[in-house]
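Common to both upcoming complexes is chain A, partnered first by chain B, then by chain C.
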Partner chain A sequence: MYQGNEQQKQRPIVVPGEPVGESRFYIPGSNTLKISDRMFATTVGIVRVDGKRLDVISLKSFYQPKIGDLVIGIVKEPNIGGWTVDINSPFLAFLPLSEYSEKRIRLSRDSIGRILEIGTVITGVIKDVSIFSSPVITMKGKGLGIVSSGTLLNITASKVPRIIGKKGSMLSVIERMTGVKLTVGQNGRIIVHTEDSNIVAKIREVIEMVERESHIYGLTERVEALLAGRKL
Partner chain B sequence: MSITEQRPIISKLEKQELYRLLAEGKRVDGRGLLQYRNLNVQLNYIEKAEGSALVELGNTKILAAVKVGVALPFADTPNEGILIVNAELVPLASPVFEPGPPSEESISLARYVDRSIRESKAVDLSSLCIIPGRSVYSLYVDLYILDYDGNLIDASVIASVNALGTTKLPKYSVEGQSIKKLDEYFKLELKDLPVSITYAFFGDKYVVDPCLNEEYASDFTISMTVKSDDRFCAIQKNGGGMISPRGFLELLDKSIALGKELRSIAYSKLSGNG
Partner chain C sequence: MSEKISLFKEDGRRLDDRAPDELRPIKIKVGVLSNAQGSAYIEQGKNKILAAVYGPKEALPKHISLPDRCILRCRYHMAPFSTPERKSPAPSRREIELSMVIRNALEPLVMTSLFPRTVIDIFIEVLQADGGTRCAGLTAAVLALADAGIPLKGLTAACAVGKADGKVIVDLNDLEDKYGEADMPIAYNPTLDGITLLQMDGIMSKEEIEQALSLAITATQKIHKMQVEALKERFSVPRREG
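Moving on to the complex of A and B:
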């Protein structure tokens, strides 16, 4: 939370090169640049101060993989010993055969493309990230695996914390008011576990609202009003 | 040499949703099957260019600008001006656009727009001759794709025609075999207002003005350019797939009706532009 001025209805948007603070008071965080004792934004975004740390949260971003993140991937192509997976990031992830499942799989020569077909949606966890090779993901674990039904929605990756909310508050509001479970990947993909087009359309509206207005205070209340406004 | 780019992969879940909604006669963004997205046109967007227009079709954004010069005519058309269309797929518009030499997609887009303008005779090229065989006006239409959310073709045709409609040409005085630029300008007359209609096909169903996901998930797309007199001057099909002769004729009728509607919206600002 930006603790500057609580009275302010809207968090200030900064542009690259704009001074955001002095390094005497803050520790430079992400998307900031320290020059002598001043700090500047390096991207278009909103300023967030957490204790002494000052970050600029970009308004739009691609996903930067981090170990332990739950991601929703799309199988791009079968490869030797695994699959390349699109995780909505500048980097393509790799899913090795050994991380596919707890169960043993029998692999004849040509069946790797049939175990996971191109375009299949999977949920996985980032297992390893290094600067030398692609991020590795694993499908081993509770709740991970192939997603064969539901609807896939997208949100810009920097807005994922807003759709989850503080301790999952926003997510629980959406789930409670629509009666549908959601799986939110850190990489900006969301699976709505329903195929009812009316509910999906409503959740799309919510996502659009979060993308558009997340820098304005009282987002959860507005989302609640949006969902309650028209009864399902 | 350019290589044919791979189409980005669309997930099975998104594809399933598209087909599920189509079966109900709906679309992902809530439009009707034969409904265009919001169209917004801004004329004279660039001051320094002789003519320009910014077109937003939903989230697709295209800037068209016209540069006017004087050049030697082509040997086979000594009495005609030169029209060249070039499309630039700027990497900032989409992750699938890469910097470097023009891709197949950008050449195909530029050629289609060129064909739509040239074959509809929207610009009377013979009126752009200054000295036959020696000096003619050259019009360079440059298209910059700034945001890509499907249906570049329709937006590009609208942007180019609007940009040409705002173009002002400098006057030249002829003295023997030489020409001299005067400080006067005249407006380029458009003889026709062509519009392109693009359909995306999913099996036996089709939608008009596909958004990005629809474009990726579709079997193929067909674009048709209709002139003001309801004649067609360009048709192009992208991707593999078939359409029955009866279905094709039906499509022609639909295009004429849709073309009328789109033309009145797309070029409404041109008539008021002095």
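Moving on to the complex of A and C:
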């Protein structure tokens, strides 16, 4: 059972069904299940207590779309009035034609399949989420649009906050030490804005390390050491 | 006419030298397949079973999707080389039934309402069979679901209990299953304190069933502990996948 701050430093792993606390002390947060007075974990993860709220941060999870999230999608197929976009989630997103660009599109001149081809990588923002229909994304906005160059990497969605770090600290360390800009989508896709295979391999190693060891204390130091090529 | 086979030795132990309430040696490994989203492998005695999970993903064809929850699809399959004589790889009546039974046992466990309009595929492949494959397959499938990151209401463990030569026994092997008097597979979830699978084949008295139930719950609690250990090992040890 979860006892308090002392164990938070060690980041113990909990598994589904493991008791994590009692509801008279904590408010059940994400990935928790309340049965009478007791709270149980529902995924493999680490316990995080923020004030009275107790969450289980999943070590492996799926991206659940939220309004305002920056996502990196891959166009899956043209549809009536838009495109179906794979956003690395159990749900396929829909990009309506009206959310494609500020410019006016005349369908009489262009077919939908030619404007955005299957397999095109795009950056967008989740505009609408509903339990009854697919999440809607928009490409209207600063920095959004078609990605024409770079390398696409993946990370499990629950580790995205770790790769960004507190106030972007981890991301700035990676960018500073490799000299390459990264775009991190909340859906666990990362665009490395270079095609230099050595740098991409190095960043891939960093991502693997974050996925593997994010629950072990001192991750930023280990990532810095890895990028500097020294052993810790 | 079938010949009467004694399933106990003179010293009161079973033919594989186990006590009546003893489980077969169990080895569990989680995350054995790199292409599946979640996977697990279990060896329980001579049983060797792989389980793999894909999803949640968009349910296709769309008309099968449910607006308020995800669908579980389960396939229990015995490999042609899993039995002493070659088994046809086509799904048999028994395999179709067991797929349904396992799916029904897993459904109360999975938090299906979190992923409406989607589907989760569970594959259980029996590589070597020696009795009690549905229980071992279920134990492995639960771990594969947890490995895939699917939210679960606890871990369910399964074990068969039964009766042979008038004694209630735990974790029946193939011989005890075939020549014993009764076989009762049970899946138990310690978190919900509930049974999600209970089948029975054979004849037992009320007292024997009560004794078998309590033995099954003790046995599944032991398997549950092994599940927890295997899952923690998978995520705590830095791993290098091939």
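Here, the second predicted complex is superposed on the first by the 217 of 232 C-alpha atoms of A that agree within 3 Å, B and C clash if a C-alpha of one lies under 4 Å from a C-alpha of the other, contacts with A are read in each partner's own complex, and residues count from 1 in each chain.
Basically, contacts are C-beta pairs under 8 Å (C-beta built on N, C-alpha and C of every residue); 3 or more make two chains touch, one makes a residue touch a chain.
Source: prediction; values computed, not measured.
Q: Quick check on the superposition: with chain A as the shared anchor, is it clash or fit for chain B versus chain C?
A: With chain A aligned, chain B runs into chain C, so clash.
Q: Please indicate which partner A:E195 is in contact with in the superposed arrangement: first for chain B, second for chain C, both, or neither.
A: In the superposed model, A:E195 contacts chain B only, not chain C.
Q: See if chain A has more residues touched by chain B or by chain C, and give me that chain.
A: Chain A has more residues touched by C than by the other partner.
Q: For A:T151 in the superposed arrangement: first (chain B), second (chain C), both or neither?
A: first
Q: Per the contact definition in the header, classify A:I74: touching chain B only (first), chain C only (second), both, or neither.
A: Only chain B is touched by A:I74; chain C is not.
Q: Look at A:T120 in the shared chain and tell me whether it touches chain B only, chain C only, both, or neither; answer first, second, both or neither.
A: first
Q: Which parts of chain A are touched by chain B and by chain C alike?
A: No residue of chain A touches both chain B and chain C.
Q: Taking the complex as given, what residues does chain C use to touch chain A?
A: For this pair, the touching residues of chain C are 55-58, 67-68, 70, 111, 114-118, 146-155, 189-192, 227-228, 231-232, 235-236, 238-239.
Q: Applying the document's contact rule, which stretches of chain A touch chain B when the two form their complex?
A: Listed in rising order, the residues are 74, 76, 86, 117-121, 147-152, 191, 195, 197, 200-201.
Q: Show which residues of chain B lie in contact with chain A when the two form their complex.
A: It comes out as residues 9-15, 17, 20-21, 24, 26, 30.
Q: Can you name the residues of chain A that touch chain C in the complex?
A: 13, 15-18, 31, 33, 35, 40, 42-44, 58-62, 64, 90-92, 131-132, 156, 158, 212-213, 215
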